[in-house]
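As structure tokens, here come the structures.
What follows is subunit A paired twice: with subunit B in the first complex and subunit C in the second.
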Partner chain A sequence: MRTRCRLVLFFLTVGACGLGAQSPPSSPPTNTCLDCHLIFEDDEHLGVPAQLFAGDIHAARGLTCAACHGGDPREEDSDKSMDPAKGFIGVPKRADIPRLCAHCHSDAVFMRSYNPRLRTDQLAQYGTSVHGQRLRRGDTRVAVCSDCHGIHDIRPASATLSRVHPLRLPQTCAGCHSDREHMKGYEIPTDQWDEYRASVHYRTLAGGDLAAPTCATCHGNHGAAPPGVASVERVCGTCHVFQEQLFDQSPHKQPWDMMELASCLTCHGNHGIQPTGDFLVGTGEEAFCINCHLEGDGGWETAEKIHAALVGLDSALADAAGLLDQAERAGMDVGEARLVQANARESLIKARVDVHAFNAARVEETVESGLELAAEAHQAGEAALDELAFRRKGLGLSLLAIAFVVFSLWLLIRHIERGKEEIIYKHEQ
Partner chain B sequence: MTSALEQLRVWLEERFGHGLGDAIRKKQVPRHRHSLWYYLGGMTLFLFLIQVVTGILLLLYYRPSPGEAFESVQFIMTKVQFGWLIRGLHAWAANLLILVAMLHMFSAFFLKAYRKPRELTWITGCLLFFIFLGFGFSGYLLPWNELAFFATKVGTEMMAAVPFIGEWLLTVFRGGEEVTGATLTRFFGFHVAVFPALTTLVLGIHLFLVQQLGMSVPPSVERAHRQSGQPLRAHPFFPGFLLRDLIGWYIALGILAALAALDPWELGVKADPFVPTPAGIKPEWYFLFLFQTLKVIPARLLWIEGEQLAVMLFGVVALLWVLVPFLDRNPEGRSGRVFTAVGAVAVAYIIGMTVWAW
Partner chain C sequence: MASAGTEKGASPPGRRQLLGFLLGSSVFASLASIFYPILKFVLPPPSGELDSDTVVAARLDELAPSAAKIFRFGNRPGLLIRLPEGGYRAFSATCTHLDCTVQFRQREQDVWCACHNGIYDLRGRNVSGPPPRPLEEYDVHERGEEIVVARREQA
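Here is the complex of A and B:
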């Protein structure tokens, strides 16, 4: 009750000072807090926060310490500047932080003057998250705004130094979720970070593709929660659109829903998701299909057909590519055939997506068009190599002919000049 | 057969007189230890004729617009019967032509072939060499591929450094401020009309002077024969020298065919003006020494910009080179030795800078 009263007093004071509704200041405002706190230099609680604040987005936008801590930053006397009567609250309590941040960040009118594109529903979303729900129940160990965004060195999510930049977000989440001590009592695994680091998603991200999924892509950020069985497919489908649509039409959809099997997860896993390959479908040792299907049933037969079709097109493409590479290395122009090869490769990619319909006829139809293109590329490669052989034979014959002519000319010169007297040079100018 | 040839000779002489036949019959080419260099002129002419023939054949299919140039060359190389060979010969012969012309020019320089009365032969030869460089520069852009596009962009930027008229010159050559389709059509015009017309005129004068004045005998050879009292031997131009020339041309043709068949001239990827300049863009090998000079010259020297100074230097050196016959007052004496030394330094500089930039 006391906390709530102090927070109300703080908001009222801040409101009265007009900070919450002002336009961004055109010149740096007076911030006497830093004058004193910077004197403490490396003091972890008093000096370091003041140093860090120089790199904070709020400082860059002209906000002072008082925006969060209250008080009057214009007063040089510390008793007056940190007067509770002027709304000074000192270090905000963890439980109060979401509402403290939301005071500005949920104010659409106020935020518009700083960044019109920034969302203002973070607090509402946070309330739906596991973090927010637990905080409401009094669990202050859960993440609040400052755990992910930082305290005095908050940066825009697009900045590479930000804790929530895509390249750093997984480590930020792992800060708590991989800490067994911290997670004790929550009864959830703590190996997500280890699994994610081995995943194809992380490899893509580490390769510089910032569109690759991080924790927030699947779980949400402010509304972070594990997707339920029913929503896994929707989560994956935000990126893998066609796979989701095809799975919805597939014969697996209904029985898996009944068995409460999480669609994509059942075959591909979650955090440690690995690159796919044609070996994952079919009846081989590594194929997912044999986990449920038995030899002789319809699914087994479908899996075999799909696998054979995919492998057939992949192999035909490899043959064509090999021929075109060989011709290209020899200097032949195979640009047009490369386009056909690329189209055939697209058919293979499409067929691999079609797998999610678990319909052999559909995959075979796509593969068929790919095989026609692969055959066309193969023929072009053979034609290029034939042409190369023709050129080399032609060159050999031409050089022989030239050598013959040169030799004949030499003989002719000798024949003409044999026995002739030497001419004395005499030029008539 | 002999009778048919004789009838033809008579038929021609009835119409053209005896002058031409007599000239051919009487023409001699001196024979000494430096005679080999005489063949370079004929070789340059032969390669130029190959360029004319293959260029005309390429012209049948080539389309000089940014939307069609690359595709038309690709079409020539993949669809046109023996198109690959024609384009390969044209591209390789262009490079060999510059190389042989360069050797011809330097051999004439070191053998003092520019001395009186062959000053104009030297000047027309130098002009022909500069025109050939123009052919190379303009022709390089025509396939409209990435390498050519950016090399032209970098190359034409040098023009802006010419004092007083640089900006104007750049606009004239580019057909605007940037390298665009206007530059392509302009370069095409230079390549197939302006330069060929200039070449015809200058080459005509050059060949006329060679026929009129005969081959130059190096001063060292003249001196040696003067001292020994031995007369200088000679080949009759027809058939002895011409048949030997023919052997050289056939060998050159064989080398060209081998290069075109075994190392086809790459087309690369189509030019995209909107992509950033790729790293490592370099001009053709014969411009490398100029390119490297521009790279190593300081950005500013005293009151003048480095690039501007370099361009002015290139211009002055080229002018002095053309005027060598008038500057070397005594080719057989001390002045001649100084010029030989300067020429040797120039050759070492060109080779050194080219290897450095490679």
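Here is the complex of A and C:
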């Protein structure tokens, strides 16, 4: 209650200073705080924050230290500029930070004058997050705004140096979640970052695809929370739309819901998701299916059929590709066949998506169309190699013919030369 | 009077005939091996030109507004779209996710990949789903009655 009163007093004071209703300043405001604090140079608490503030988005938009710390930045006398009567609070308490930031960031009218595109529901979302709920219960070790966004060097999420830029966000979360000491008592794993770093999602992200999932994609950002069994499928389905739709129609849906098995996670895992392969479906040692299905049951048979269909098409494609590669290396034109091969490969990709319906007939139907195309590509490859052999034989024969011409000409010339010699000989006699 | 063939030092007629036959047939075979490739070059091949930087993608009257077609560009498919407001845009029809062939959806006015529900806008920008990059865009020109698509030069 006392904290709340102090906050209300602070916001009233800051409001009275005109911050809440201010428009963005047209010229750099007076900020005497920096004049003094920069003197402290490398002092971690007094000098460094002042140095960092130069790169902060709030500084760039004309806000001063007083926006968060209160006081009057126009006063050169530190007793006056840091006067509690003028709202100076010093270092804000961790527990107060979300509401301190929300004083501006939840004010849609105020934020419109700075950045109309910025959302203003962060505090409401934060209240639903595990962080926010624990903070409300008095746990000040949980993440507050400054843990993710920084303190004096806050940058827009799109800036590459921002702690919440997609490429840096996983490390930001890992700053706490991989710290065993910090996470002691929360009873959740601390290997998420290690797992994620080895996942296909991180490799895609690190490869430059900033749309690849980071922690916030699945857990949310301000409302960060585990997706929960019921919503895992929806979370994955935001990107993997067809897989989600097919799973909903699959025979697994109902029993897994009853058993409270998290749909996608049960086979693919969560943080350390690896690239998939045809070996994951079927009855081989690495197949997921054998974790539940036993030899002789319907699921076992379906898994075997699906695996056989996928591997069959993959193998047919590899054969066709091998022939086309061979023909292409030999200089033959296989462009048309390459198009057919690409279409056959597309059938394989679709069949791999169809797996999520766990319906062998559906997969086999898609594979069948792919096999026809693969056979067409294979025939084209054989035809190209036949044509190559024909050309080689033709070249051999033509070289032989040319050699005969040369040899015959030589005989003819010799014959003519001899005839001439005989005539000269007779003439001389 | 002895015949010329029996004269001392002259070639017998059989040898001369054989020599003539060898010479004639090998000259014929050599000419065939020279003219066959020329003939093959002159006659149009059953499929279009490959690996070129330009291709005739459609006839001018072929596409109605808000329609599209897949054309062959080298050994890859291309997508030519006639925009609702007129004008054309052409892209590589190969999805940047896993190389499936994308298609134009008239109702949604977008470009869609049926493999993983990847969606691009009509400027080829990846806007939804797994595609990591935009589609490669080509230049489109009208040449007489033909729509010609050209690969853009790398900067």
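Keep this in mind: the second predicted complex is superposed on the first by the 388 of 429 C-alpha atoms of A that agree within 3 Å, B and C clash if a C-alpha of one lies under 4 Å from a C-alpha of the other, contacts with A are read in each partner's own complex, and residues count from 1 in each chain.
The rule we apply is simple: a residue touches a chain if its C-beta (ideal position, glycine included) is under 8 Å from a C-beta of that chain, and two chains touch if they have at least 3 such contacts.
Fair warning: this is a prediction, and the values are worked out from it, not measured in the lab.
Asker: Does the superposition put A:412 against subunit B (first), subunit C (second), both, or neither?
Answerer: So A:412 meets both subunit B and subunit C here.
Asker: Just to be sure I read the superposition right, which of the two partners does A:336 touch: subunit B = first, subunit C = second, or both, or neither?
Answerer: It touches subunit B and subunit C both.
Asker: Is subunit A touched at more residues by subunit B or by subunit C?
Answerer: More residues of subunit A are touched by C.
Asker: Return first, second, both or neither, reflecting whether A:422 touches subunit B, subunit C, both chains, or no partner chain.
Answerer: both
Asker: Who does A:398 touch here: subunit B (first), subunit C (second), both, or neither?
Answerer: both
Asker: Classify the contacts of A:240 with the two partner chains as first (subunit B alone), second (subunit C alone), both, or neither.
Answerer: The answer is second: A:240 touches subunit C but not subunit B.
Asker: Could you pull out which residues of subunit A sit against subunit B in one structure and against subunit C in the other?
Answerer: Correct list for subunit A: 333, 335-336, 394-395, 398, 402-403, 405, 409, 412, 422.
Asker: Touching residues of subunit B toward subunit A in the complex: what are they?
Answerer: 26, 28, 30-31, 74, 77-78, 84-85, 117, 212-215, 217, 231-236, 239-240, 243-244, 246-247, 250-251, 253-254, 257-258, 261-264, 266-267
Asker: In the complex of these two chains, what residues of subunit A are touching subunit C?
Answerer: Counting only subunit A, the residues touching subunit C are 204, 207-209, 211-212, 239-242, 333-336, 338-339, 342-343, 345-346, 349-350, 353, 394-395, 397-398, 400-405, 407-409, 411-412, 415, 418-419, 422.
Asker: Over in the complex, which subunit C residues touch subunit A? Could you list them?
Answerer: Result: residues 9-11, 16, 19, 22-23, 25-27, 29-30, 32-34, 36, 45, 47, 50-51, 72, 74-77, 94, 98-101, 114-117, 126, 129-130, 132-133 of subunit C touch subunit A.
Asker: Hey, which residues of subunit A end up touching subunit B in the complex?
Answerer: 331-333, 335-336, 391-392, 394-395, 398-399, 402-403, 405-406, 409-410, 412-413, 416-417, 422-429
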